[in-house]
Amino acid sequence: MGIEGYLIVSTLLFGIGAFGFMARRNAILMLISIELMFNAVNLSLVAFNAFLPPDENAGAVFALMIMAVAAAEVTVGLALVIAIIRTRQTAEVDQYSDLKG
Amino acid sequence: MSRSNSSTREPTTLDISSVLFFLLAAGVVGAGAAVVTLRNIIHCAVAMMICFGSLAGMYALLGAPIVAAAQVLIYLGAISVLILFAIMLTQAGDANLPAPFHRQVPIAVVVALAIIGLVGWAVVQTDWGLAAEAASAGVDAIATAIFTTYALPFEIISMLLLVAIIGAIFLARRPEEDERAS
Amino acid sequence: MTKLDPETRIPDPIELDAIEEARLRAAAGLAPIRSSTPEYAGFDQVGIPDRPPQTEREREVYSLEEGEMLINMGPQHPSTHGVMRLVVKVRGEIVVDIDPVLGYLHRGIEKLCENATYTTVLTYVDPMDYLATMHNEHAPAIAFEKLYGIRPPKRAEYIRALVVELERVSSHGLMMGFLALDMGGLTPILYAFINRDEIVDMQSAISGQRMLFNFFRVGGVNFDTNDEFLSRLGTWRGHVLKNIEMNERMITDNEIFRARTINMGTLSGADAISLGVTGPNLRASGVPFDVRKAHPYSIYHELEFDVITQQSGDSYARYLQRIAEIKQSIHLIDQIMDKMPHGPVQAQVPGIIRPKPGRAYAAIESPRGLYSVYSISDGGPNPYRFRMRDPSFISLQAMPKLMPGRLVADTMAIMASLDPVMGGVDK
Amino acid sequence: MDLLDDLVTLLPELILVALVLVIITVDLFLPRAEKWLLTPLTVAGLILAGAACFVVWDINETVYSGFYVVDDLSVFLKGATILTGILSALFAPAYLLVRRIPLGEFNMILVSALLGMCVLASSSDMITVFLGLELMTMPSYLLTGLHKTDRYSNEGALKYFLLGSFASAIVLFGVAWTYGLTGTTSVAGIASALDGEMSAGILVAMGFLTVGATFKIAAVPFHYWTPDAYQGAPTPITGFLSVGPKLGAFALLIRVFAEALEPLRADWLVIFLVLTVLTMTVGNVVALTQVNLKRMLAYSSIAHTGYIMAGLAAFANATDPGVAAQGIEAVLFYILGYAVMNIAAFAVVGMLQRDTTRFGGLNSFAGLATRAPWRAAAMAVLMLSLTGIPPTVGFFAKLYILLASVDAGLAWLAVIIVLNAALAAFYYLRVIVYMYMRDPEPEPAPIDTSPFGSVALALSVAGVIALGIFPGAVLRFLEESAASLF
Amino acid sequence: MDGFPLLSAIVFSPVIGALILLFVPGTNHRAVRWIALGAVLVSFALSLLLLGYDPAGSEFQFREDLPWIDAFGIRYTLGVDGLSVVLVMLTTLLSVVAIVYSWEPIQTKVKAYYATMLLLMVGMLGVFVALDLFLFYVFWEVSLFPMYFVIGIWGGPQRIYATVKFVLYTLVGSLLMLVAILAVVIAHAASGNSLTFSYEALRGFAYTDSLQALAFVAFFLAFAIKVPMWPLHTWLPDAHVEAPTAGSIILAGVLLKLGGYGFLRYNLPLLPDAAISFAPIIIGLAVIAIIYGGLVAMVQPDLKKLVAYSSVSHMGFVMLGTFVFNEQGLQGAIYQMISHGITTGALFLLVGVIYEQTHDRQIAHMGGLNARVPRYAAMFGLFTFASIGLPGLSGFVGEFLVILGAFRYNGLVAAAAMVVVIISAVYMLWMFQRVFFSVPSDWMRKWWPSLRDMNRTEWIALAPLAVLAVVLGVYPGPVLDMISVPVDRIIEAVNGAGLTGFGPLW
Amino acid sequence: MDFELLLGLGRFVLATTLLLLLTVPTAFVVIQMEMKIIAQMNLRFGPNRIGPKGIFQSTIHGFKVLAKEDTVPDQADRSTFTLAPWMVFMAAAMSMLVIPFAPGAIAADFNIGIVYFFAVLGLSVVGLLVAGWASYNKYSLLGGLRSAAQMVSYEIPLTLSIVGAVVLAGTLSFSELIAWQLDHGWLLMWQPIGLGIFYVSSLAEVNRTPFDMVEADSELVAGPFTEYSGMRFGFFFFAEYVALFIMSAILVSLFFGGWLAPWPFPAQLGGFAGTLYGIFWFFLKTYIFVFIAVWLRATLPRVRVDQLMGMAWKVLLPLALVNLFITAIAVVVFDL
């Protein structure tokens, strides 16, 4: 497969993630959607890395680092979700509307 | 570095890697779509794992086994578990709410399609001028790179993880447990 | 799997209770239980009892705060001793409160006894504390003798003391096994059963039964010792000590065992007294109370022994207390065998006795503590009122005191260290 | 081992790392009653780190295989960052302690965020840019949610987190494409690989980078999270959030847009101009209608973002390097000045929230001048500074931006800025009106009078005035910083 | 002028007073008042030294020049010409009057009040002596906010509305002016000059037409709002009505002059071409302001409002005089500014005297006061006539010169202006009649027994103004001498530019 | 469809099938060992009816499980309830892919075999978690959460403990690691601390006593498996015992020279004979460790969940880091 195939998959995944983020109401699902987007980025990076002529592996290393960051991100995100559910009993972001101006 | 390079390529024969690519792509996209559309959040999480697993396959196909392994290790082994864990801690039963979607689904659809369309167009449009076949990212090379060239980013990540962990522990801990912890 | 439509579904009784409870709470001016909406997996509702709460205590246990849930440990659970149910209120894995729910083994023994003649009462009490059957017979036998006004022959008293001490060894040995088993140790219980098996063989040799011995009689015991019993007793002492030692080697200094028992379920002497806990559990908390010493019955005043106590009152202390008492019992058995007089084992008592109207009380030291019988006679052939105090029942009361703040995993470990027997609790 | 030789250039960062570890360790051993000691500890560490900035001044080296650049620009930003850190660390304890928010976690996370900003300031590679960004924002999420028993704090943090992560993903996608198109992640490499021509791929890359960066600096139309996050966060932390991450985000903008995408300057300028005007106008207009002071300041901070972006626009529109440098200088000065005044302003709001059950609305300011004349005076100075009234730093900062805009041929932008400033005056003055011209509420909430906060407030106000009267003190640094970009 | 920095001393001695106030306990009202008065008197005394100004000498005297912000070529440059001298003296004098008058009426937040007044003085004085555009702007803004506080804290019931309106109006103008200053500065620098904000350097530079036009509009807005020019005057009545008496004195006496001063100092010399092109429009607006102010004043039921609208009218005269671009007109404008400062300030003071006692200013509520407080009535009469422009009193000279200048510009304009003299006589005299000679209203009868005549502090405050109103009316020579050089420079600048000037923009 | 493709697919299917098939006897053997050894240690007979000495007992158990009714609780989430056993089983089966049975007898000799192994191993926890959730049972849920906490925690010291070995040997491939051990001696001598940590952690990772928190019968009935019956339960059961075998196998490969004989001869036994020889040693060593695990189960009580977690984070993790640190310094200083 050429690079286009991978990029198209990556794009689709990114779009799906973005859709999920915008369309879903559940905080955890929104978080999952963001993870999908991160993964789309990773796929692009690894694909670029594989097909780019100067083989420095920057893409692959970057992808690895993004994974680590994503792990941290999920940790923090879920901690926040747990904290908010303690005070609100729901993970539906629609119902988080105390902050209004 | 020119378009002709790739356009004169032989029509792709259906080799094993192509078949695998299409299978995995179907897995990625299909499971991805399932993630954002299924109603039961645990099903979403499971679909997410399938999606991530397929992505690991793609990385392997792209000659980056170490990334694939990391994908399985981090995303399937750690992040998914964490997410499942959180789902169970927080919303064992919210799973089947009648309306899992925002009202602005149409907007989301439009935006997502716009992103896909725009980027997809750009993918096709761009003269990538790259190698026709995936090159392999050697494990040794990556390992060496991480500890020499990328030493600084690597250390930054360690700080990032430290603060994320401490912060997350603090946030997820019950308030009354704080009293005990200090 | 057929799921009914939520609209048309017939509400199940638990839900109805929840509704009823909400109504009651509202009537009592209490804040509604912030329990979840029905779709909250229903986890919270499972533990709500089959009726609305009727006491403050129930209200306290069954009202959940955010993040708490109720777990039913039992009546079907692999490690409850017998058939009992612990309603455990947990926050994560931390126990917030615990409510032992009783009655699954209730057979109305007291009532049965009141409808039986004095001599047959002793057959009914056997299955109460099924690990100390002889003890179950001992107290009513003494009570009825007091009521009827006779004393058993000396030899019978000695035989009685012999068999109950034997039984104490067996029962305490099993406690070691159960304690380990409830912490996941597979082997000690089997060694303990080997031990018990030998004792059961001896009991069978002397009484002809293996479990529900029906050995005691008003005014004596059923049989005198026989050769088989004596010969088994001769070899038994070595075996039992070896088995106990094997178990001790596996348990006593085991790092995991110690970590899970030391400072776990600590019961202070004062608390134990105020709860009415007796027996090894009380002595493990440092209170030197032993019925055999405090209110000697049978022939214990003739025997030399000290009241053994431990200081810390935790699970480990209760465990050590049992081991010490096993050794003490063996020592007592040696004394009994040395001093045992000759003579009859049964006084002359008619088949149906009609004591003069009056009342009698008898307490003995069972392996689980003070076991006593209180009987009123109206002059008829059967007791007008027959009441038994079972130490397991009292011990269980300590659970809500010991558990809060511990983990679910400690529930069974601490309960095993109190060593209750459900047959006795439920009667 | 050149990795070790380069260590000295990381001196401020190393001190921050050490400080994080020291805080964690000390926190473990301090009894509850003495937790306040963490504040002087942190401040001392930060001052040390700030002093270290002078050690690395004028080094101008690229180190660690091109991932890190220690130039004057980055050092200046680090200095400003550490300053915000010091102020925040001083302001926070009183507010946090009454709410039982542990100081150990707060200080540790705060210093981590500062570290992230320092990394971001020094990044010369997309990888470090991204990591710095995350190291900055992740602690920011945590700080926002630090008051975990508070519904507002939770909600603000979650919204901030979700949108922030979303933005991170978008930025990353842009970065990935930049990498794919240029074959490098290095800022300098990207700049040299781009020849200024647009193509579909570059459009995608730039588009995603722009949207993501816009999210991060909270420019309109991607600002939704800001008011919620700011209102939700514990108040002194809001002060930090409105400044620190913004500082970092502008460092990101400078690194990505002013350096990496410099060849495409003309292309992103247009978008930037639109965003600039939108941001300041929407920010101010919405701020007018706010009754909650935190929210008002949040929207005002959006407006200030617009002003700062104008400096970048001036940079992009300038043909003469000197003028372009002026744009960057203006940005830097504005950030510095804004940092001091905004943190202090939020701190005053926080001081009025000693009673945790009260709502920190504008009413709590009523009659402050009679209840706490010094604090009211300080707040008045800060409000005037935010409005841009001389002789305060706010005025000079705005002047700098205006000068850069006019100089770069964007006089119309300058006019829009001043009209916005006049609009802003309305709501800033309202605070003064409440403080000085209204009577206190019948039972006013107690005011926090902790020594740390008072000292920091006095320092900030002194700084606001001193920098307003004698801005020349920092101009030399600014010039050298901006010069290191060219 | 080397040696003693006289101007700095004048400008900043109130600051020193304010700083001393910081360390005085706020409860000690006596000490606070005396310290404030001392600071103002020092400033006033120093300003008297400006009489040493040489009307025939170089344009700017008593110069001080220090580097400030080198990077932008911003310097701390102070200097005065005749125009500045008279305005500085007017300011210091009125400040003394205001401080003295406040002696009794102000009883709340005394310390803050005096500190604010002192700061206000700094801003106003600074504007008059600054020769660096940046410095000028700083002082301009500094003068704004103390007044904001004075009205907002010690003002009447609607004070918040009034003060916010006042600030916002002024701020919009001044911010636009800031952009214009920057545009001018950068245009100057772009043609090879070094970056500088110096007034003297920027003056006389040939700015492009479009820049002049835009900058003129920006400057115009800033100054016209301050003056205030019709139709930007709406903040003024509100501010006056709500301000405490001393605030009104300063507001009318000095702050409005800042606008006029701005026109004379900056708009005309810096942007002469644009000034010429815009002059007809501005003159038209000025005439409207004169007539409108007068007519509206006529129907005001409130004394203070009446005086406020008369200010609009009088300041219209100033604008008219300024933009006819001839010697008489300009001299008249400046003279009118001074005269207006004195008479209107005094009128506000007098209104304040009655207001302090009755807490009411409705004309309809008064009546027959002449019988009860004759000395007060006499003083009121004096300033009423001075305001109308009765010959022999200060108002006459200014109005006369302006009308003279207007005649040289356009007869019709002059005619319109003259009509207004009549209108002003009508409303002022009518007011005087209603207040002092008609039958006392029922409402006034209630106060009748407790009504007192002017007391000592009021006399002290008013006396210098009365003296000046008369002296300036009969002996205008020294003042006219003083301002002749500046006026010449302005005319020179405008005429010189007029040769290369551009046509009307419209 | 060309031949290559068919061949590739065919090979894939064959290898997978073989591996799946291999799990079954492995599980039978290990289960049988457990039943018999524990019985002996308990002074019981143990299974002694089916087959000589009862050796077919576990096989019969297997068939019994297969024949039993497969119930799904009423409120359970049917799809995930069904999926969970599969996940756990597949994780175990997939990790068999890299076990180096003997020279030439590795299903896939990845150059990152060790990483692959840990990656795949971590997946089983997901299955347990999902099973716990899907069962609609509090015990299951608690068990599932425990499994997640425990296994994720122990994965860290587990992985870190072998980093030292990897650093020493400089490879992530099992076969190369064993080759290194052939040259330098078994890693047991080089990494005693690593071995200790690995062994303790591996017991926790496969839920063996004293770390069998997940299904702790005296507390949680059977943890996530509580509601399972029939073959679904069988899968869990199989997976658990296969995992025990795999862990022992990996332990042997990493620290005990894998297929190497304890003595250096015959040095070069090539070909099929070599494979057989290797397989002999490999299985011998592996089953020794299986035996030890069973032995432990017979001996030790279970630790408590907080003690378990505390041990991972407060003891094993620092120890593993120290070990890694020492190893790294040694490698640099002695230039190993």
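Per-chain numbering from 1; labels A, B, C, D, E and F assigned in written order.
Everything that follows uses one rule, which is that a contact is a pair of C-beta atoms (placed from the backbone, for glycine too) under 8 Å apart; a residue touches a chain by one contact, two chains touch by 3 or more.
Quantities reported herein were computed from a predicted structural model and do not represent experimental measurements.
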Per the touch definition, the chains contacting both chain D and chain F are B
Interface with most residue-pair contacts lies between A-B
Of all the other chains, whose mean CA position lies farthest from chain E?
C
Rounded Å distance, chain A centre to chain B centre (Cα mean):
7
Determine the centre-to-centre distance between chain A and chain D, using the mean Cα coordinates as centres, and give it in whole Å.
25
Using Cα averages as centroids, what's the distance between chain D and chain E in whole Å?
42
Provide the C-alpha centroid distance between chain C and chain D, rounded to the nearest whole angstrom.
69
Which chain F residues touch at least two other chains?
141
Spell out, as numbers or ranges, the residues of chain C touching 2 or more other chains.
36, 41-43, 67
For a test of understanding, state which residues of chain D touch chain A in their complex under the given definition.
126-127, 130-131, 134, 138, 141-142, 145, 148-152, 154-159, 161-162, 165-166, 168-170, 172-173, 175-177, 179-180, 183-185, 227-228, 231-232, 286, 289-292, 295, 299
Along chain A, where are the residues that touch chain D in the complex?
7, 14, 17, 21, 27, 30-31, 34, 37-38, 40-41, 44-45, 47-48, 52-54, 58-59, 61-62, 65-66, 69, 72-73, 76-77, 79-81, 83-84, 86-88, 93, 96, 98-99, 101
The answer for chain B against chain A in the complex is residues 6, 9, 12, 17-18, 21, 25, 28-29, 32-33, 35-36, 41, 44-45, 48, 51-52, 55, 58-59, 61-64, 66-67, 70-71, 74-75, 78-79, 82-83, 85-87, 89-91, 94, 97, 99-102, 104-105, 107-109, 111-113, 115-116, 119-120, 123-124, 128, 130-132, 134-138, 141-142, 145-146, 150, 153-154, 157, 160-161, 164-165, 167-172, 174
Chain F residues within the chain B interface of the complex:
1-2, 4-5, 8-9, 77, 79-80, 83, 110-112, 115-116, 118-123, 125-126, 129-130, 132-134, 141, 144-145, 148-149, 152, 155, 172
Which bits of chain E are touching chain D when the two form their complex?
68-72, 109, 112, 134, 137-138, 141-142, 144-145, 148-149, 152-153, 159-160, 163-164, 167-168, 171-172, 175-176, 178-179, 182-183, 186, 214
